[in-house]
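Below are two complexes that have subunit A in common, paired first with subunit B and then with subunit C.
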Partner chain A sequence: MSRHAKKFKFRLYVAGDAQNSAQAIANLTALCRAYLRDRHDIELVNVFREPKRALADGILMTPTLVKLSPSPAPTRIVGTLSQRQPLLQALGLEALAP
Partner chain B sequence: MSLGKSLAHQDASQEVAALIATLHETGQRLEELTAGEVDTVADRDGRTFVLRRAQEQLRHAEEAKQAAILNALPAHIALLDERGTILSVNETWGQFVCGDALHGQTHTVGLNYFEICGKAHGKGASEARQVAAGIRSVLGGRNKSFSIEYICEAPGEQQWFLVTVTPLPGERPTGAVVMHLNITAQMRAKRRLLESEEEYRVLFDSNPHPMWVFDVETLAFLAVNDAAVRLYGYSRDEFLGMTIKEIRPLGEVPALLEYLQTIPDSPSLLATQVKHRKKDGSLLEVQGHTNPIEFHGKSARLVLAQDVTEKKRMEAQLLQSQKMEAVGRLAGGVAHDFNNVLGVILGYAELLLNKVDASQRGKLEQILKAGQRAAGLTQQLLAFSRKQIVDPKVLDLNALLLDVEKMLGRLIGEDVDLTISRGADLGQVKADKGQLEQVVVNLCVNARDAMKDGGHLRIETANVELDAGHVTRHEPIAPGRYVMLAVSDSGCGIEKEILNTIFEPFFTTKEPGKGTGLGLAMVYGTVKQAGGHVWVYSEVGQGTTFKIYLPRVDEPVASVAAEDAPVFSRGTETILLVEDEASLRELAHVVLKEQGYRVLEAPDANAAMQIAQSTHEVIHLLLTDVIMPGMNGRTLANSLLGMRPEIQVLYMSGYTDDVIAQRGVLEPGTLLLEKPFTARVLLERVRGALDKAAFRSKPDLATSP
Partner chain C sequence: MKPYRSPHFRTPLKAPTGILGFDEITGGGLPRNRTTLLLGGPGSGKTVFALQFLVHGARQCKEPGIFVAFEESAKRIVANAEGFGWKLSALRRKKLYFMDAQPLCDMVQSGSFDLSGMLAALGAQTKAMGARRIVFDALDVVLALLPDTATKRREVYRLHEWLLERELSGLITAKAGGDEASTISSHQFGFMQFMVDCAVILNHGVVMGVSQRNLRVQKYRGTSFDENESPFLIGTSGLEVDATRTTNRVHASVSSERVSSGVKRLDTMLGGGYYRGASVLITGFPGTAKTTLGGAFAEAACRRGERTLFVSFDSDKNEVVRDLASVGIQLARFVKNGRLRLASARTITGSAEMYLGRIKTLATEHKARCLVIDPMSTWSKSGSDSNGHSVTERLTDWSKANGITLVCTSLLDEMSGGKDGVSTMQLSTLADTWIQLSYLLQAGERNRGLSIIKSRGTAHSNQVRELILSDAGVTLADTYSAGGEVLMGTLRWEKEGAERVATEVTEVAGKLKRVRLDAEEAELGVRVKSLQVELQAKQVEKALLARTTEIHKGELSQGRTRMDELRGADVAAAGSTP
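This part shows the complex of A and B:
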């Protein structure tokens, strides 16, 4: 498992308990549990609580997922993260797909 | 805001309509662009727009949370506006049923709460009005909050509620939250606690022994029970203002403080014996048990104080009577031997009296006088030790007083007024007349000595009935009918400290040479021997009263036989003399022989029996000691009478013991010569006994008139 040893760091910008945000949290958590067990890190940022941080990070919509590592350039994905296949592709995890 | 005025303007309202339309279109377009997957959008300046669906969904989520919280509360909650109209209620409100008054499922949103309260009737109506007034005061800003507890007669059972009214935030209350909380469980628990506290308080208060709790630091009483209040005489409030130092005699306070330092803090039961002072100043003997406790958060001691005053008094009394008994035994033993010695001295001195020339007689008479005084003392000692031979007869105390009255007058002198009050229909008592006279004389002499400057001496007799109550208050004495003899004086009195010792032999308060210390000892012994009781009451400076209680007997007074004129003559009869004390035997032998008697002498009963068996000579008289080693005089007499029924018997004794008579009493009619005796008395009694025998042997004479 050494080639998968790299840790995935995600940051998810959400709008409190709003439905799409809640769905995004659920989908991301499920995905990590399925493919990235014990090698992921999810940070949640509530834009209602930290509006300035979202602005500073250039986040214009919620929910927005940012993949901070391992790829050199951060990847941004907007939406509920419901479609598993395109999501894996966007995150560079297509090799893990069945 | 001037929105109200702008709205009135036609142009403004058209513009508002246009903006709303734009807003609607904008929202729709944003939903399309974000494919319904986004909750918020923002521009580069940070202006955030919550999309409409998210807006609604967030609002509903928030409302649901608040409702869930309100519905989860076990209280009945309603939100009122400033006029008292119910704006909103929680789910529990609908289940609120309370008798005739206040609420119910029908009292829901839209109704005016003041009207509901106003319509309340029956039980709880007055509480409803109080609640209404409370809400008004909160809505009017006069009170920050309002609460009241009330009883609700719910169907089936009584319930307790707490209603609270809290204003909505704002400068002026725009409404209020009314909450009814069911506090029945808490109230019941509180009542159970109170009941349980009451139970324990009863256990403390009703304890028959005094109990209290005191603070270890300040020594103040923190609690006292009823028994303590009763026994010590302080009220509960007085107690609670005192420290434990104040119930101790002053002299014991330092010891108390020292003792308190040594009490361990660990739970233990310690018993101590101390003195406590009552409010009236009298002292109590107390046995205290102490236990460390915490009381109202303070380190304290629980004390159980057992009053052992009465117990101690009884112990002292028992000790005293045991002491008297022991002293009596000792005195009796000494007196017996002393009597024999005195007998020899007196006897020989008397024998010599007629044989010395006149110039020496005075000296011999002094010896005799001193000897007789010593004999008098031994008689008193024997009376005290109850070993003296007594001759109890039924007699009338009033008659006895008549006999001694003249002598008393001489004894007490002119400075003392003597009053004798003889009780009417006085019952008889059974006692030795001579001894009882001596008792009266002794008491009167003491009374006289207590009244150096004169005073009143009162002698009184009366029939009394002692009941059980009297009997328990004083020394042990059987309840029943008694004849009382009281001797009261107005003299100096007897101090409390020595009241217990006055009956002891050789105890005297008189100057050396004035008193023997045997007078009251004799009184005590004589009265006890007669089955009676002496009670003394004395007040220093006021006087003393001795009361003697003798058991009343119903037998008639014994007729006093006229005493024979002293016969002092010689004789020629044969006398068998039995006495173990050699010097006394020798004395009697010499005296009798000088007067012409024939004397056969034996040191004990066995020797006497041998003499009687070996001689055919007629023996007229057996003169024998009562107590001797081996066979006693009584048994000897019985054996001899079996062989020679004609023998007359004359006993000699200083005292008797149980062998001869259970209570130191010889059978009535027995001839007895008390030791010590003088030659004259010996000869008189021997002659008398022989003459009585001669009289008895001639029955024809005895029956003739």
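This part shows the complex of A and C:
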């Protein structure tokens, strides 16, 4: 299926080693492992280390997940990504859910 | 040993806001390097207040600032503020940074999150531009995203800590429903009010159909401040707060110089005129020539070359000029040469504060030394009485502080009868001079009477005088008291006539007597003269007599000697025998 062949690009803004950021990283990697094996790309941005980038990208809250591709419009999801169902919906992956 | 001085005291403790009046209330502005909470309902002026704080810092205090916009986009805020003439676009390059932080509407929430990202970004920007002031506009918008009170509280504390750590003068605005903001407990920002060092509440309400804004400093740690509600308005250059009375204002210059009231005999009654910088109240029923007295004062001021502002609430400015010209007060030429500014305040609508603000602005623009407000009682119609009173108080304070001589007229409502206090808005107690105009009904006539009820620091006439208007001007007539009543109008004229006749009779009688006395004097003069002549004649006669006697004597002795010679008698014998 060609739709599944598309690569997902994510960017996750985190606040150093804050607890909710660590949770978000764990939740995102778990999700990718479950549904998007080998077709995802995660970029981590530490806002403490790259505050200018956070400013330029308009990041208010951490953790924030941005889906860069596939389009349409990039989706922003804030939080620890712990509620999987709304997350999958937001990412357009609900078809993959059991 | 050097005395220990905390470094705390070396830096000024306040960050001036540049908001007219607010810095006076708080004794210098918002707490420096501390956090201030600004609460207010929709449209209460929070954003303007916050922006003005930043603009003033950037322009006057060399303190660059950051504006974090949670609600409106930076673009719209800048566009809205364009009208205040703050030149934001010039400041935006280096001294003023706008951060768009509106939460995106399509943002999805999943699990807990915090504000670290924003604070990290702001930290970088603060460092880059050396910002000293920061505004979080509508923090409630972002707090609303947080799931529960505990999280909200945690994030607010995080923000507060962040501000303190960087020693920024922070201003957080949040929506609160007007007056309810005063009751802390019922409010979701209650804990913020306890946390911050200063809390300011803006109110925007409608009292009797008139919009009114006021501001109150709820708390301010470590400083004294004016705790009352102070009205404010959003003027042409931002917020203007009307501080009632603060210690800075004691320096009102007290002058003993007199200025003419424009009516010569009234000046005499007042012992030389009004004091410069005094507040004069002229009260009376409709048609008692209040405006005329105001106009006379304005004309006299213009003649002296003083810039004058005449605010009329009743009539159009051209009407004022025409009406006053009919009683010999010529204002047209002073309007033409710019010395007199007439303003018709019928066009101003709004609260008493609005009137006050407008009048202050006009007077300042015109550099007025004399100010006439006709009539002031209009104010009491807009809004509550207490409000009108406080406005009146501020007007007199303000005019005194600026050395402006203020003449206000006030209408007494015939219907309200004895309730003078209401229509004069208690200006009567504040005014330095109070002139009462009235009608006196006597012998089927209405005549205008003028009396001075009070005049501070001046000996003044206690008499009721008749005020006479004619095309030659305004004057006061002498009054005749008869049987304990002051006579006016025809009665006065009759009395005057009678007195005139009496005077004439006396005059003629006097003349007659004088003629008689003249005659007597002349007669006596003649007699004196004839006696003098007689005296002279006697004297001559006397002298003649004396002379004759002498000659006679001489001749006698000569004759004897001759006789002796002739007889040949010797000298010795003659000597020895007398």
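Keep this in mind: the second predicted complex is superposed on the first by the 97 of 98 C-alpha atoms of A that agree within 3 Å, B and C clash if a C-alpha of one lies under 4 Å from a C-alpha of the other, contacts with A are read in each partner's own complex, and residues count from 1 in each chain.
In this section, a contact is a pair of C-beta atoms (placed from the backbone, for glycine too) under 8 Å apart; a residue touches a chain by one contact, two chains touch by 3 or more.
Bear in mind the structure is a predicted one, so any value in this text is a computation, not a measurement.
Peer 1: Figure out whether A:A34 sits in contact with subunit B (first) or subunit C (second), or with both, or with neither.
Peer 2: Neither partner.
Peer 1: Looking at A:L68 after the superposition, I want to know if it touches subunit B, subunit C, both of them or none. Which is it: first, second, both, neither?
Peer 2: neither
Peer 1: Please indicate which partner A:I77 is in contact with in the superposed arrangement: first for subunit B, second for subunit C, both, or neither.
Peer 2: In the superposition, A:I77 touches subunit C alone.
Peer 1: Decide which partner touches more residues of subunit A, taking subunit B and subunit C as the two options.
Peer 2: Ranking subunit B and subunit C by residues of subunit A touched puts C first.
Peer 1: In the superposed arrangement, which partner chain does A:A26 touch: subunit B (first), subunit C (second), both, or neither?
Peer 2: Neither subunit B nor subunit C is touched by A:A26.
Peer 1: Can A:K52 be said to touch subunit B (first), subunit C (second), both, or neither?
Peer 2: Both partners, subunit B and subunit C.
Peer 1: Does subunit B (first) or subunit C (second) touch A:D17, or do both, or does neither?
Peer 2: A:D17: touches subunit B, not subunit C.
Peer 1: On subunit A, which stretch or stretches are contacted by subunit B in one complex as well as by subunit C in the other?
Peer 2: Common interface on subunit A, subunit B vs subunit C: 15-16, 18, 20, 47, 51-52, 54-55, 59-63, 78-80, 82.
Peer 1: Which bits of subunit C are touching subunit A when the two form their complex?
Peer 2: Within the complex, subunit C touches subunit A at residues 99-101, 103-104, 106-118, 120-125, 142, 145.
Peer 1: Residues of subunit B touching subunit A in their complex?
Peer 2: 34-46, 48, 50, 53-54, 57-58, 61
Peer 1: For the complex, which residues does subunit A have touching subunit B?
Peer 2: 14-21, 47, 51-52, 54-55, 59-63, 78-80, 82
Peer 1: Using the touch definition up top, name the residues of subunit A that touch subunit C in the complex.
Peer 2: Those residues of subunit A that touch subunit C are 13, 15-16, 18, 20, 23-24, 27, 47-48, 51-52, 54-55, 58-64, 73, 75-83, 86-87, 90.
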